[in-house]
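What follows is a set of structures for review.
Below, subunit A partners subunit B and then partners subunit C, in two separate complexes.
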Partner chain A sequence: MQQLLISNVYEGLIAKSSSGDYLPALATDWTVSDDALTYTFTLGDATFHDGSAVEVGDIVSSLDAARGTDSVNPDAKRIALVDTVTAVDEDTIEITLTDRDIYFLDTLGITSAGMIVADGDDTDRANTTNGTGPYTVAQWNKGSTITLERNDAYWGEAPLNKTVVLHYITEATTAMNALSTGEIDVLTAASAETLDFFESDDSVLITAGESTSWMTLGINNANPVLANADVRRAINMGIDKAGLITVIGGNAVEVGSMAVPSDPWYSDLTEINAYDPDGARELLADIAPTDLAFTLTVANNYDTKISEYIAAQLGEIGIAVAIDTVEFSTWLERAYKQKDYDLTMVLHVDPTTLSYYGNPSYYWNYDSAEAQRLASEAKSAATTDERDDKMAALAKLVAEDAASGWLYSPQTMVVASTDVSGYPVDRIANRFPVSSITAVN
Partner chain B sequence: MAAPLLCVAATDAAPAARSRAQRLAVAVAQQVGVLVASLLAASLLIFLALHYLPGDAAAILAGPEATAAQVALLEQRLGLDRPVAVQYLDWVFGALRLDLGDSMLDGRSVASQIGEKLQVTVPLCVAALLISVLVALPLGMIAGARHRTWYGHLIGALTQLGVALPVFAVGLALVTVVAVKWRVLPVQGFPPDRWADPAGAIHSLILPTITLAIPLTAGLVRFVRSATIDIVADEWVRTARAQGWSIPSVLMRQGLRNAALPLVAIVGLELAGLLMGSVLIEQVFALPGIGQMLLKDVGNRDIVSVQGTLLALTSVIMIVTIALNIVYTLIDPRLRGSK
Partner chain C sequence: MIALLRNPSGLVGVLLVAVVVAAALTSLLWTPHDPLIVDPAAGWLAPSASHLLGTDALGRDSFSALLVGAQVTLGSALLATAVAAALGLPLAAIIELTPPMLSAFLQRFVDIMIAFPTLILAVILVTSFGSSTWTAAVAVGLGASVVVARTVAPELRRARSSDYALLATAAGASSGRIMLHHVLPNAGSTIVVRLTQILAGSALAEAGLSYLGFGTPTPTPSWGRTLAEMQPQIMTRPEVLLAPALCIVIVVLGFNLLGDGLRDILDPRTRRSTP
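Let's look at the complex of A and B:
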């Protein structure tokens, strides 16, 4: 839902292109002070869906609400470094930070915390929307379809289409059939079977989108046995990641840490703790107790092939793995919140997940002073280059430390009819802007 | 002398008639009493089961990045920090006013959501039930009356197959042929405007209805068939045949009434199974029905929504069961007389 509302229905002061550039949105222009603690935005002539103009007061009240102590905004933490939000004059807003935050423009542009609603707006947000974006939600059949209708009074560049209907289909086969009959035009996150089916079909186009997500083998670093980095290294060395990618049907990239090739801080780390079952057995041979047994707690929304593969691979290096499949909410409560697990498996989609290694209370229980220093220096970096250096160092550190296992980075496979173009393919797990989709004929 | 006699007769008849109506009223009142008690018990069971389910709605709602303080704040806003008894009573009294609360996730009214979803599930189940009864009655009677002929055997074998085939496979096969190859019906979904687009809505429901009706029909045919075989062997049928009636006309005139009672009972029992089947069907055809809603809400730990939906479904099934009980009393003179 959030993936659809941001930038289609609601907007922030700025926006971000799919290639990662910051673009003007509600603000036409902005400047950042030399100490990177003061951001000044110039407001444009945007309007809300109800026709009223966006004023500085709306910006102040929205950001204040998101960062307030009683905020339940899911991204509230990202905006926590904001010290003051002030309306300088009727089209200038000044935001000061208590500490430098290199991700601050991202927060304003692409997270819930940066979205702007009218001051004192009493719109019933459960059933209607009053954002500033190019679309309004015309119809929402929960669990089935969402119809986005063009906002004809949109203050910016008009969308290229009038109506976009998003279908929510859980069965891969059903989605595949719907695409082949033309009931839907674009299918995101296509399964391997679907790709095989359409491989030689000229009426559809398959695109591999860049993704910033990682299928992660979460290791509980607080577990007395797993606290030993050698055990974690052995686990990483025991898993043939290339083999796993074949098992899931391809369309994934091998990674050696929590970074993907499109990240500016990426370097190839796949050689660190690479697949070497003999080396893994040697590492384990020096460690007592000799009989290692762990439980792999997995939410039931992931393919069981993956967890079974991991269990089988670790079995070969002498680690017995029992798979405990639980419902997602049980996983969230038990593994994520209470950190009551040995091994787990999660698909992380936040592009900055790497920086979580600097948070010792995150569910990995990874407590490394060096990682914390690098993550905090990256966040308060003065320039993006400096941030990228710190992040690169952090990626290498956690890889060498085997803080987690990084099984693969799935590519987003988009299958679409050749009748349409302009649909987004890159980094669509967090945002899916639809305004440039057009019919070709 | 004639007049007083008539009078006596009249006064004699009146109490008898009244007491029969009274007996019926007592029977209905008893059933309604059972209904109320069962619903209360069901509501308590649903509430407690969900209350002690692992997983925390506030934590899911707050998102994985939320702080403990945020989660606590949400708990307070959702009223989850109140004593269990207060939460239960609040919910039950609300339900009596048909107010099932608002979804924890999106704030929409649960009752109106159920209303929307029932617009898909009820037509689906009712149509599937009607089709299967209409098909199963004649087919089952033919198969029973002529169970030694080749077509009697054929029907018997086909019903075996119909019962054994998984709903999933049948649905996908139908979609592949009718929707993907011939393109006469949609593969999935339901019109966004629902019944404001009646043609679209009906089109969307045809394949799901057939898929749901197939195993149901097969089961009913088997039931009608064996009931017919029993009836044909009955003595009164032999008597009727001796009087020159043909088997089909005996069955049509007498057999139908004899088979009606168990059939109504079976249909009543099938109702719960039908709702279960619709969960799967809605999943295969991406229909926004009550089953799909329930699955998703359970996954999201939207407890308010789940308990409301379960209560509504339980009520529907119980009310239909009680109504069927009352119908039995009306159509079966033996049940009426026994009280």
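Let's look at the complex of A and C:
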């Protein structure tokens, strides 16, 4: 939902292009002080869906509500470093931070915490919307479809299409049929079978988009055996990731840490703890004279091929892996919240997931003073270059420490009818801007 | 046994069940390949002399997996039926032996339990105790036990009111003794037929639960789970769904026909109508 509402229905002071540039949105321009603690925004002439103008008071009240102690905003934590939000005059807003936050513009542009609603607006937001974006929500059938209708009074550049209907389809075969019959025109996150099916079909176009997601083998670093970095290294060395990518049907890239090639802090770390079953057995022989046994707790929304592959591969280096497939809610409670697991498997989609290695209470239980220092220095970096250096160092550190296993980074496969164009393909896991989609004819 | 083989349903049933039993027994000693060995380079191989039914995405031999799957299906069907018999038969006897008030209460209890879907009971048990073939089988057996009680109890009543039972009562035998020595043996044919049908139902329930992810955990091969794993291939490789689906059909049809055959030759009422 958030992925659809941000930038389609609600907007922030600024926006971010799919290539990562910050763009003006409700604010026409902005300046950042030298100490990177004060941000000054100049407000433009935007209007809400109900026709009222966006004023500085709306900005102040929205951001204050998002960061308030009783905030229900899902991204409230991201805006926690804000100290004050002040309306300097009727076009100018000044925001001060208690500490530098290199992700602050991202927070304002692409997270729920930065979205602006009218001050004192009593719209029932669970059912209707009153944002500033190019679309309004015309109809929402929970769990099935959401219809976005063009806001004809949009203050900015008008969208190219009038209505976009988004279908939420969980079953790959259903999605495949929906595209075949023309019920839908664009299918995102297509499965390997879907790609096979449409491979030689001229009426559709298949595009591989850049993604910032990682299929991660979560390792519980607090487990007495897994606390030993050599055991974790052996686990990483025991899994042939290229083989796994073949098994899932290709369309994924091998990564050596929680970074993808399009990240500015990326460097090729795939050689660290690379596939070497003999080396893994040697490592284990030194530390574990008896056979090791772990449980791999997996939510049932992931393809069982992946967990079966991991179990089989680790079996070959002498680690017995029992697969425990559970409902997603059970996984969330047991593995993610209570951290009661040995190994697990998660598709992480937050582009800055790498920085979570600086949080020792995250479900990995990875407690490294060095990682915590690098993550916090990256967050408070003065320049993006400095942040990128710190993030690169953090990516390398966690790779060497084998804090997790990074199985692959899936490419976002988009299959679309050749009758449409302008649909987003890159980095769409978090945002899906629809205003440039057009029918070709 | 010969009578069973002369009966057309019985003959086909025996043959189909024999095929499944043979597959399960063979797999205990030998399979063409280890069904758990993963080889990404050998994924989705077409059927060949080495891989009779080809391989799956992980390069595992599909035929070997089906052979091992027969163990799971037969094992869980037998366990579920044993549980159903162990609980259902005493329950039927108790319903017959207790005073009318309590008996009526027990019968309503059985009716309520029958109305409760077995699959949901199984899902609840599996969620509480973790998914395993045996948990699922016991759950299916629990669900089937009330069906056994419901269908066997009237049969016991009929046998109890027969002349020989009345004679035993007149001779001073206790009701427990009559139940054990005179009534149960005479209701035996109904019980055997009913339990054979429960075998078919249990095999199907195991496949269904595994298909839904509540039965046999990965990576142990199970026909129901293989079917679920292959389902995404239905548009691109429909043939890979055929083998596990056929296996399930064979075992369920086999037990059902066997049950029909047994009923034909054991039940005096239907025996008369059969030529």
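Please note the rule applied: the second predicted complex is superposed on the first by the 439 of 441 C-alpha atoms of A that agree within 3 Å, B and C clash if a C-alpha of one lies under 4 Å from a C-alpha of the other, contacts with A are read in each partner's own complex, and residues count from 1 in each chain.
Throughout what follows, contacts are C-beta pairs under 8 Å (C-beta built on N, C-alpha and C of every residue); 3 or more make two chains touch, one makes a residue touch a chain.
Keep in mind the model is a prediction, meaning the values are calculated, not measured.
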item	value
Joint occupancy of subunit A by subunit B and subunit C, clash or fit	fit
Which of subunit B and subunit C A:308 touches, first, second, both or neither	second
First, second, both or neither for A:168, with subunit B first and subunit C second	first
Partner chain in contact with A:191 - subunit B first, subunit C second, else both or neither	second
Touching partner for A:181 - first (subunit B), second (subunit C), both, neither	first
Subunit B versus subunit C as contact partner of A:144, first or second or both or neither	first
Subunit A residues touched by each partner, larger count belonging to subunit B or subunit C	B
First, second, both or neither for A:367, with subunit B first and subunit C second	neither
First (subunit B), second (subunit C), both or neither touched by A:75	first
Minimum Cα separation, subunit C to subunit B, after superposition on A (Å)	8
Shared subunit A contacts, counted only where both subunit B and subunit C touch the same residue	173, 327, 330
Complex contacts: residues of subunit B adjacent to subunit A	54-56, 59-67, 69-70, 73-74, 77, 102-103, 106-108, 113, 116, 172, 175-176, 179-180, 183, 186-190, 192-194, 283-288, 292-293, 296, 298-301
Subunit A-touching residues of subunit C, taken from the complex the two chains share	36-38, 40-41, 43, 57-59, 127, 130-131, 213, 217-219, 225, 229, 231-236
Residue numbers on subunit A that touch subunit C, as the complex places them	172-173, 176, 191, 193, 196-197, 240, 242-244, 246-249, 300, 304-305, 307-309, 311-313, 315, 322-325, 327, 330
Sites on subunit A touched by subunit B in the complex	1, 69-72, 74-78, 125-127, 139, 141-145, 147, 165, 167-171, 173-175, 177-178, 180-181, 183, 327-330, 332-334, 336-337
